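Mind looking over this structure? Questions follow.
As written, the chain order gives the labels A, B, C and D, with residue 1 at the start of each chain.
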Amino acid sequence: MNHIIENKQTGWDRSQMAQRAAQDIPDGSYVNLGIGIPEQVAKYVPSGREVIYHTENGLLGMGPTPEVGCEDPELINAGKKAVTAIKGAAYFHHGDSFAMIRGQHIDICVLGAMQVAQNGDLANWSTGSKNAIPAVGGAMDLVAGVKTIFIITQHVTKNGEPKLLEQCSFPLTGQGVVNRIYTDLAVIEVTNKGFELLELAPGVDFETVKVKTAANLIDSRLANKE
Amino acid sequence: MNHIIENKQTGWDRSQMAQRAAQDIPDGSYVNLGIGIPEQVAKYVPSGREVIYHTENGLLGMGPTPEVGCEDPELINAGKKAVTAIKGAAYFHHGDSFAMIRGQHIDICVLGAMQVAQNGDLANWSTGSKNAIPAVGGAMDLVAGVKTIFIITQHVTKNGEPKLLEQCSFPLTGQGVVNRIYTDLAVIEVTNKGFELLELAPGVDFETVKVKTAANLIDSRLANKE
Amino acid sequence: MINKYIPSVKDAVVDIFDGATVMIGGFGEAGSPIELIHALIDQGAKNLTVINNNTGSGHVGLAALIENGQVGKMICSFPRTANSTVFPDLYTAGKIELELVPQGTLAERIRAGGAGIPGFYTATSVGTVLADTKEHRTFDEAAFSGKQYVLEKAITADFSLIKAHQADRYGNLTFNKTARNFAPIMAMAATTTIVQTSNQVEVGEIDAEHVITPGIFVNRIVTVSNPMQESKLIAKGVSYP
Amino acid sequence: MINKYIPSVKDAVVDIFDGATVMIGGFGEAGSPIELIHALIDQGAKNLTVINNNTGSGHVGLAALIENGQVGKMICSFPRTANSTVFPDLYTAGKIELELVPQGTLAERIRAGGAGIPGFYTATSVGTVLADTKEHRTFDEAAFSGKQYVLEKAITADFSLIKAHQADRYGNLTFNKTARNFAPIMAMAATTTIVQTSNQVEVGEIDAEHVITPGIFVNRIVTVSNPMQESKLIAKGVSYP
């Protein structure tokens, strides 16, 4: 972490959000990474930790992106991108793959979000627009089944609207499912009391995060010091 | 069949009952054979027919009994006897094995019986005695899931009591599940109208079978001739 | 003798009837039985209900089947994909029906259909709009208490079209890497399962310990020696037919 | 680094607690993890609920565990077996509880437990005394209409004890022939799955296409180089301990 803190920057960029989340993945974990920024988490897991990646289209032991020219169209991840398989990987069918998910065998799932509510509700599949083609994929299965749900998201939308809310306005993906949120500004835990700030990104102060959060924000850094 | 009919005997012995049932197993069938006489059916399937045997403990493509000394304690059938596997066999776990059964993928199951009722009810797992240790195994799954149920049984008990009844007195294995019965005296189909005689064993007449059957017995041999 | 091999993809799909329910294997292009789908386009059956995780890409394979006006309803988890315009356009125009199912629920509903299980309960979708019309209940057992579950019902099909890596004449199958995806459970859930493979092997060549789909779930196999690759066709701008 | 191997069967079962629910793999002697069971006898946990298809034979393995007074309840499909006197005697004396479950329902309830499915419906046992206390319902869908189904509930366990053919340090497993039986589904359904194997292999030695139980379902592995064979012990008249 030190090399991040030493940067003279404000907040975390996309890679740094993934890097920060990666610090919280314990050795020996079974992890499912959602499409987008979450996919990057695998690159940043600290050395010395062995983490096994699951992709819901039937592979446990997903490895890094293959070199250009070495892609196999029959070896892809849930985002339909070419991947590799590590030594010790296992292939299985979709029924067995989601048995792993639904049966609470996956330790951590890292996903993106449109909105997160202070009770852990997650909205990340639909804006509820009547013109949109609805598409849910495996998101509802993952949040219902995986033990711990990490969210990586910008703290606010491109238009500056808060994404951490008292209540989601978009259709839910799951109720009370989110455990922790990694934004460009902070790391926030969802607790029984609501959003609790665990850590600020470099150059970011508590008030800035509080203003951009449309729900109560508890500073548990203080609580921990007391 | 001719060599059976030419015998100067009365009725069929155990092997002949199995042999008679084997005639009715079409080429290409997937078949599960119960413990006891049904196990013998495999020996008598007419040459030229390829039949695949399923044993519910996780093998499709069960072959004959191994030679003495070649038994493998980890290759057994549902009766826990040593068996072999044919070329082209497949092993699978109990969940998948009973998915085959419950999902109506097995064509024919051949079982023994304590009692069969004219509506196809089968009792073959318990006498209902309060002192007995209840044990059901896979019988209820097989009769509920397999498309066609053949029964091989003596026509009457050792004490001469009929086993083909208007109604079973023993606890049922399944309701309305039996399609055809092969006894030492006859082949009987269970139809919407009740028991219909399809064929008599050599040296046996209709009246003999009728007297030993505690339900109405229709002679469909006559119906077919009309 | 059991021999499930038949001469051509045309013969393989000849009896798919108007109004049939058809499961099609594949997750994106991985495992997509593209030659069987194209044979179904040639055959012309209409008003099909198709089950696939997606709705195809470009103007080949599943997308082409939809574009050809043969699909009345899609049951899928993710109808939007890169290079996917056919389904979105028809859906927006109100010309095709969509049953949206979470991916794991879709897989388990298919597996249930194949396993003779008419319905099961899951926590997936509870508290979301997708659960609005579903039966809810709770369970007292410790491992499941304190949560709501919804009843999900089995999906079965008249036909499944899948792609296998190897197949013997009994119908024993293996698959290649993540092309396995929905194929084994779809093979279980259809009245008639039709397989394309580029590797016809002798009975016994597939080790009994390594069979993924036992032959009992397979009805017809056709050899397609050099299957097309959907993404390459799309890159070339190919349309079928 | 992930390494699920531990030194001994004693270490493997050390935390099995009084009152625990324990699934034990095997169908008769095929797949029975006899050394793990004997370690559990040495360890002494009491009032266990044990799930196995049978109740053991002779005076070794599962029968010995029961004989040693450690099992309060058996959940099984067939408690009578050749050479089985221990369970029948205790059951007749009212000293052990029995939940009798049809074999396929037992398998599917275990699979449901591992797959996060609290309950499912099946036609098995409908119209029999085993369905007397079960919820019944019908389904309208064509493939399932016109019949009654009963609700069956998932079984989960605190521990599963199973025997594998090969195991790598991740816990990826293969099995030998019909010794596979209940092991893969029991591995899914327990909080802690404990495996004995005679073949410790390097990661990568088991082809990813041939893994039967992926390591995610396995917690501890112990090498038992020359496992005993139940029927041979019984033939010799061996009793454990």
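Simple rule for what comes next: contacts are C-beta pairs under 8 Å (C-beta built on N, C-alpha and C of every residue); 3 or more make two chains touch, one makes a residue touch a chain.
Quantities reported herein were computed from a predicted structural model and do not represent experimental measurements.
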| item | value |
| --- | --- |
| Of B-D and B-C, pair with higher C-beta contact tally | B-D |
| Greatest separation from chain B - chain, by CA centre | A |
| Chain centre separation in whole Å, for chain D relative to chain A (CA means) | 36 |
| Averaged-CA centre spacing for the pair chain D and chain B, given as whole angstrom | 29 |
| Intercentroid distance (Cα basis), chain D paired with chain C, Å | 33 |
| Residue numbers of chain C (touch at least two other chains) | 108, 111, 113, 115-117, 122-123, 175, 177, 208-209, 212 |
| Sequence positions of chain A contacting 2 or more other chains | 59, 85, 91-92, 98-99, 101-102, 145 |
| Graph class of chain-chain contacts, one of line, ring, star, complete, other | other |
| Chain pairs in mutual contact under the definition given at the outset | A-C, A-D, B-C, B-D, C-D |
| Of chain C, residues touching chain D in the complex | 108, 112-113, 115-123, 139, 141, 143-144, 149, 153-154, 156, 174-175, 177, 208-210, 212 |
| In the complex, chain C residues that touch chain A | 27-31, 53, 77-82, 87-88, 91-92, 98, 100-105, 107-108, 110-111, 122-130, 175-185, 212, 229-231 |
| Chain B residues touching chain D - in the complex, by the definition given at the top | 55-59, 72-77, 80, 85, 91-95, 97-99, 101-102, 121, 131, 133-141, 144-145, 171-175 |
| Contact set on chain C toward chain B in their complex | 1-2, 111, 113-117, 168, 170, 172, 188, 203-204, 206, 208-209, 211, 214-217 |
| Contact set on chain A toward chain D in their complex | 27-28, 30, 50, 52, 54, 59-61, 85, 87-92, 98-106, 145 |
